[in-house]
Amino acid sequence: MKKFLILALSLVLIGGLLASCAPSQPSPSPTTTSPSPTPTAKKITLGLVLSTLNNPFFVTLRDGAQAEANKLGVTLIVMDSQNDSAKEASNIEDLISRKVDAILVNPTDADAVVPSIKKANDAKIPVFTIDRGANGGVIVSHIASDNVAGGKMAGEYLAKALNGKGKVVELEGIAGTSAARDRGQGFNEVMKNYPDIQIVARQTADFDRAKGLSVFENILTAQPEINGVFAHNDEMVLGAIQAAEAAGRTGIIFVGFDAIDDAIKAVKDGKLAATVQQQPALMGQLGVQTAVDYLNGKTVEKYIPVPLKLITKENAP
Amino acid sequence: MAEEKKITTDEILLEMKGISKSFPGVQALKNVDFVLRRGEIHGLVGENGAGKTTLMRILTGVLPKDSGTIILKGKPVHIENPRHAQLLGISVIHQELSVLPNLTVGQNIMLGREPRSFLPFLVDWKKLYRASLEHLQRLNVDIDPRTPISELSVAQRQMVEIARALSFKADIIVMDEPTSALTEKEIESLFSLMRSLREQGISIIFISHKLEEIFSIVDRVTVLRDGALVGSMPISEVKTEEVVKMMVGRELGEMFPKDSVPQKEVVLSVRNLKRGKELRGVSFDLRRGEILGLAGLVGSGRTFVARAIFGADPLEEGEILIEGKKVHIGSPQEAISLGIGFLPEDRKAQGLFLGLPLSHNIGITGLKRLSLFGVVIFRKLKELALNFVNKLRIRTPNISQLVRNLSGGTQQKVILARWLSLKPRILILDEPTRGIDVGAKAEIHAIMSELAKEGVAILMISSELPEVLGVSDRILVMHEGRIVGEFTREEATQDRIMLCATGGANNG
Amino acid sequence: MISEETLRLRRVNWRIFFRRYGIVISFLLLCLVLSLLSDRFLTWTNILNVLRQSSINGIIAVGMTMVILTAGIDLSVGAILALTCVVTADLLQKGLPVPLAMLTGLALGAALGMFSGLLVSRLHIPPFIATLGLMTVSRGLALTYTQGRPITALPASFDFLGAGSIGPIPMPIIVAGLIFLIGYFILARTNLGFYIYALGDNPMAARLSGISVNKVILFVYALSGFLSALAGMVLTGRLDSAQPTAGYGYEFDAIAAVVVGGTSLAGGEGGLFGTLVGALLIGVLNNGLNLLNVSALWEGVVKGAVIALALLLYRAVK
């Protein structure tokens, strides 16, 4: 009886595990573009390895890359690592054995990808990283959103909306992460130029909505007057909006970062003034462009910043 | 041959003089002398708690002595710790074997003294196995030193321990109940090994409860009782009965008031209880108003009888009848609902909630009767606790006192109160007075007597023969998982019970 | 012979007093220091803030206290919270009536807790391992169920639990208060409470005293799962959004509240009064750090140091 119970429970457990691990969509097999309608003299093949295609961000990135590849008439092989560094390693090995001209990789992990990059280096295939960087190997160039510029963009917007004066709160992301550092840096560089804007509180809420709510509740108590809030991501700013509503505090201008669906909705509803949006399509486009430029003998920058876009009520999608 | 043996056995190897040792509240050893000659097998016997183990622990450096001297090979020594004892040539084969099951035989034998290879930190395995093989061959045992210990039988593990002892050039080996887990055949081969060690001039101190074994192997026997030396003589000069008398012979005082109770109808019958080696077919009847004593040595299976009746351990075979009706007891709850109470032998580990108040400790089992829709009625709990505090003379400042802070005898009364509050038909008491002072002991005996008068059937397990004799109406004796003797109050004597309990006679 | 009169006589035992109430003294000291450092600390709104922010941890900590009293531990609370709140939110969005969706969510929480209770009691899997496994699976299921996205815009009547208030008192505080009262009643006044303490004090004696040990274990884990689900609903209402990543690390906050409150991890000792003070102490600390605008880089250090000091202080007095 006991053995049966053990067996039954283990089956349930395994079932649960599988259910939670199994990809909900069949993973796309490598797709190859049809040969371009305007064949160039030298046929270029690029490999694009994405950490996941389960996230709309990367789907858009792929679409942007594909469109650019079609435009330039190069072949693009797209591979999905399903957030698994082992899958990623075999994807890159595949590309190496298929002798692609260049590899664009969006690593699942900055460290785990290094051995694969070194293998590509050995095979003399140039490697480009997209969105997330790598901690080793030879990288021709890194194509990613410019978080510092995004922070500046948010800062400029907030400063203008406040007419250059007022009391501002900054909700920081997890201390020590690059996103929190860069976004904060850009924002504060701008704020220095506005002597009449005072940053009255600078607190971390760990990129978390629930923390954003309670931390902002506390700040609201501590600060009788707040005119503007910049949060390092949308989750925190949405929590803060919730806190302000519950406390009946109005007239605060909120600015977020990332343009997640909830945030775009809040922008449309007028609760959130603005949020900074990354442009994955542009990121994919710039990636392919940079690789082709490099293969055609042009010199490329070590870091290609992808511009960000400010979403406000006027341009909300 | 006889001449030669004579010469060796006269040389005194070890002399312990005037050894005393006390623990808080107990004088464990009183001025004990012990003499061991070279090349002899020396039996050390006595009841549980007579001081055998304490004496050996002092010899092997596990416990410090309070006073007395130890003279080894003519020189006084101060044994600091077990390691030191080992270096002096004194090794122990424990009751619980101390070999490490995941290492190989060779590793166990050479543990701590592994031969090093020419590279630092590395073990020279070839050398290690060759050395351990030599030690094993000296014992004429055929075990591959590369076998992991976990694959060996208990007897083989013992051999490994002995080989390890010899590798320290031991000339004194202490064996504490080495046969308790062995089969007949294994015991035979252990004995022949012991004889061959004797011929090599090694002395063995052999502790056993089983007198047949003592008489079949030892040269001399030393008897301890209540921490004092009773006598030491060549085995050829005594009879089994005399040794038994020496072991138990103490005066029975008027400590155990017992009114004879007329025997009534049978309340509990157990038939052919079986469970592994612990219970090999136990049957008996328990009557209303009777106190049935269950005697026997530690490990004879007494506690397993109690646990089986109480549903604490599953049975392999056998049936239990209560008032003539066959019952199935699968858990303590079922036993309790049938009116059985059980006072376990180790009150702190199995009986008490040391961190909870006295009232909770008394009320916990009968909580359903003290509550309404699962909510405890504190007034009832308090009344109940107060009632028993007064009735059993439980000495406590108040009923919310944590049980941890009470004395041993008081704690025992608390568990008794717990069961009495349920008004049980059958009460099983496992060592009800172990480790408690004389006054409380008499009080508990009086309570038992009172309960029996009220018609409760009591099964009492005790290692203390005077207690068994003084309190019981009838006495059963267990040996190796069987009941080997039954005595009425009038027939029973300590000698007869002890003889049965050590497997010396069968009165069944 | 002891009369009832003498039994009532009880001298104050300072050692026990400090052991039991020392943490209260540490807590009051912390409040005193904060009220000197910030004039905002002792305002009505801020007190409500602290209580409201402590309520979610408090609700979870009630279940955790009972689990720890049986010498167990429940690491799955945060993950169960996430899974039950996304399932409830999803059911609400699919149009299920609010009471029905809430009941489903609470039942799911209790069932998940019961599952680990089953692993612990029947199969004798150590609580740490059993609940760690459940934590991983539940978190994974929450992420899969939602594809990693939050579920937003829930009916106002549901949000009332987290965002509403009765008179001046916010709902989360009322819910947490009720849970503490019920929990206190269970532990101090019912058979079950007696059994929980007895089991934690001595499991072997508990079995031999006829306590259904397995049932008690099943109950405490089921309750812990149920309360995690309830805390999840309060949180979801407060945020008007159910997130699969919610409750991350909540198990540690709850365990901290219980242990800071003086309940022994070895079981059998402690209680909900201590847990209440422990949860409030952690809440006040978080609040104070925000009020004083302590830098994110220093937050961890200050938090750890204050908790250690609070414990040291009352141990020293003891």
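Chains: A, B and C, in written order; residue numbering restarts at 1 for each.
In this text, contacts are C-beta pairs under 8 Å (C-beta built on N, C-alpha and C of every residue); 3 or more make two chains touch, one makes a residue touch a chain.
Since this is a predicted model, take the numbers as computed values, not measurements.
Q: Based on which chains are in contact, what kind of graph results: line, ring, star, complete or other?
A: line
Q: What is the identifier of the chain with the smallest separation between its Cα mean and the overall Cα mean?
A: C
Q: Let me spell it out: compute each chain's centre from its C-alpha atoms, then which one is farthest from chain C's centre?
A: That would be chain B.
Q: Report the inter-centroid distance (CA atoms only) between chain B and chain C in whole Å.
A: Spacing between the chain centres: roughly 47 Å.
Q: Give, as an integer number of Å, the spacing between the C-alpha centres of chain B and chain A.
A: Measuring from centre to centre gives 71 Å for this pair.
Q: Can you check how far apart chain A and chain C are, centre to centre, with Cα atoms defining each centre and the answer in Å?
A: Here chain A and chain C have centroids separated by 35 Å.
Q: Do you know which chain C residues sit against two or more other chains?
A: If we look for residues of chain C contacting two or more partner chains, we find none.
Q: Which residues, counting only chain C, touch chain A once they are in their complex?
A: Its residues touching chain A are 38, 40, 43, 45-46, 49, 52-53, 56, 118-119, 122-123, 133, 137, 140-141, 143-144, 147-150, 152, 163, 235, 238-241, 243, 245-246, 248, 286-287, 289-291, 293-297, 299.
Q: Per the contact definition, I'd like the list of chain C residues that touch chain B in the complex.
A: Residue list for chain C touching chain B: 1-2, 4, 6-10, 189-195, 197-198, 201-202, 204-212, 268-269.
Q: Can you list the chain A residues touching chain C in their complex?
A: Of all residues in chain A, those touching chain C are 2, 5-6, 9, 13, 16-17, 19-21, 24, 54-55, 172, 175-176, 200-204, 208-210, 213-215, 217-219, 221-222, 238-239, 242, 246-247, 261-262, 265.
Q: For chain B, which residues count as touching chain C in their complex?
A: 310, 312, 332-333, 335-336, 342, 344, 349-356, 360, 363-365, 367-368, 371, 374-376, 378, 386, 389-390, 393, 396-400, 418
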